[in-house]
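Look for chain A in each of the two complexes below; its partner is chain B in the first and chain C in the second.
Moving on to the complex of A and B:
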């Protein structure tokens, strides 16, 4: 019961000679809503496709609910427990919403009629409208409904709210909150909508260039990290780079800013030897952590 | 009880929830013995993470502010909220006088706020936010605005 929903070690994948993932370490706790963040091309979609068995890894380990994904059979078995919403959100163009639901339902013995009805009502999807006549947002909501109602233990979603307006996004986030609270479903999704990640996720992982650069409980990251801003009466000294326990030092004229996440107090004390005019300590938002941790950010 | 959370603030969300629930108790918006909304209800209403709501409730229980009765839900603990309300009213009165003095001396609203926050952090001595250094310190200032979107 305590094993992670998803666990990877040294997960690697290259396309021809270009490395997409370079030894990714992931640990997605059961029951979490886990935000998987990174810039375009950081390796998010590749990771999701590896998890879903759509791509084959070059190296590394992958476990889903404790089961090693090292055979085709294990991969198929795991797929039964996972609802997947892909980035392109493909649906059959010749069906109506109602037909699409009935069609999908027929494949899943554990189909949840109660969830189907609940999310149908929440998303207000027109049963008789054909799929091509749905707005992009409605198509996405239908995909999400199909993934949610199949009675999966794990939902894996690639940019689930891309193309949704703010109301639709809120409805989807409400459905996710409800699914996690009521059904204990683990939700793993990639996104670069930082605001929605801050709203719904308890865990986040930030990847860049195929590797993890930051992960943890979001509220803990917010508690631990502080931005320290120093102002000097002449140019900010370059020797600040030698301060212990700081990251992402930036100097601009008379001002220097840096991140600290262990023992902020003693870092602040150490800055005194540079005789700053002022020292300010600020909480840090997810956006700032993102900007500071990704390449070129 | 009306709960509102600023997700994009640097303040941990469970801390914001704890503070709002405590505030609701202190102002009498919820009274001792009354039931708090379920974790699922809060999570769904605010479209936020249920584990985060659960964490806020757990911490409040640890502090003795609420009682979690298994299978029944969370209830406001039976402490003397009346006494607290009186204390708050007295503190508010002293603060009003201090603000009036500051205003007479010509301090603007942001300046007053800074003075207040600085003094507060001096008293609470919250290590992570208390700041040393000469002149113009601000501690615990909220960073970031709302409605941020990553550009890509």
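Moving on to the complex of A and C:
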């Protein structure tokens, strides 16, 4: 029972001539809060739709809780264990909040009344209000409630906090963290809000142009990487790019900034041959990792 | 609950179409058109009006609510597709309710049209005519269902109208098409109430409906959203 919640191997998908995913490799551990990051058009939403069976893959393998997603029956079965929050947060415009809840509840025998009541109270959602009369934030809250209360083992969320104010964002993030910690639910979510991801995720994966460029345990990644900033008395030498152990080098006038991920001390020692005026080593943030890996340094 | 959802989706349009039929026939009766034109023409024009309403029903019942690409419905469609239900079941529930509502409208239209007939109509003739109109309406419903699965909302009505106009034009040009045309099958001018049942036309309508229906299922199962 130690299989990953989500596993993909060589997952590929194209829209006509444009490749959206190019051999994506994913391994989302059970019980983790997994941040799935990338620029617009990097392939995040395509991946989420493939996982939900809304799109069909061109090539590759996909497993959810160890079950191969190679038939519609397998996908239907998997969807019993998945709560999905789509990017646009659209629900049925002809239903009220109460009707949406009753409708969704009917498909999930393991529906959690306790969570339904808890989030109805937390989000202050009026049961009799129709969906079109809800604000975007309230629609997001309702969608999150519908995803959480279905008793899912896996939540797949596309920008779950978009449209929420900072206080509500905090409450939603806390609810997600509680769900993962208390119920062992795996949460796989894409977001552009790096601070949110840094706040609650234990694993991250960065994708760019349909391919994974970095993944791992967030704390490990942050401890593996260091930013080294060098200041020179004249233009920063281009030969710095030849240093071993650096991922990305940026030169701007007399300053050079690089991301080092192996044996930082020896990288710093190697920089001495270029006679920098000063050398500073900083811990990295997720944003820096994102910028350096996704933007290509 | 899928039935409940389908009913909530379609109830206003269904009511509109039923109201359209009642209103149209009621107005015809009130203004006394029946006294000014011959019974055949009278029925033909009534049928044309009602047929337009049914066509609206067919597209309306499917349009916007099934697999349309309009943003809000597209979004709620993502929610629907995330439920643990096969696409086939989603489609069947939706199409079955649409078919039921269309049948209701057809029966309403047929009953009112026959009530309007001045001559006596036996119960057998009444049901025979009802079945004839029902079967001949099926391809129109199946076509609107297929278009709802295939096209963006803005093209569904236009596309359907163009296709039906094409069929109408072809039946004028080619006799063998006219012979089996569903339009002709439901017309009291072509087949008066006491005329023998046009089995060939009905068979063609049924086969055409099944082809369109299975094509819709194939599209729904394979389409990406």
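Descriptive notes on the structure:
What we mean here is this: the second predicted complex is superposed on the first by the 294 of 297 C-alpha atoms of A that agree within 3 Å, B and C clash if a C-alpha of one lies under 4 Å from a C-alpha of the other, contacts with A are read in each partner's own complex, and residues count from 1 in each chain.
The rule is simple: contacts are C-beta pairs under 8 Å (C-beta built on N, C-alpha and C of every residue); 3 or more make two chains touch, one makes a residue touch a chain.
Given the structure is predicted, the values throughout are model-derived calculations rather than measurements.
Of the two partner chains placed by the overlay, neither chain B nor chain C lies in contact with A:38. In the superposition on chain A, A:160 makes contact with neither chain B nor chain C.
Contacts of A:137 after superposition on the shared chain: neither chain B nor chain C is touched. Between chain B and chain C, the partner in contact with more residues of chain A is B. In the superposition on chain A, A:95 contacts chain C only, with no contact to chain B.
In the superposed pair of complexes, A:222 makes contact with chain B only, with no contact to chain C. Once chain A of one complex is fitted onto chain A of the other, the partner contacts of A:192 are limited to chain B, with no touch recorded for chain C. When both complexes are overlaid on chain A, the residue A:276 reaches chain B alone and has no touch with chain C.
Interface residues of chain A, counted against chain B in their complex, comprise 31-33, 39-40, 170, 173-174, 176-178, 180-182, 192-195, 198-202, 218-220, 222-223, 226-227, 264-265, 268-269, 271-272, 276-288, 290. Residues of chain C touching chain A in their complex: 1, 4-5, 8-9, 71-76, 78-79, 81-87, 221-222, 224-225.
Chain contact summary for the complex, chain A toward chain C: residues 49, 52-56, 72-73, 76-77, 79-80, 82, 84, 86, 88-95, 99, 102-104, 106-108, 143.
For chain B in complex with chain A, the touching residues are 7-15, 39-40, 43-44, 46-52, 55, 127-144, 147-150, 152.
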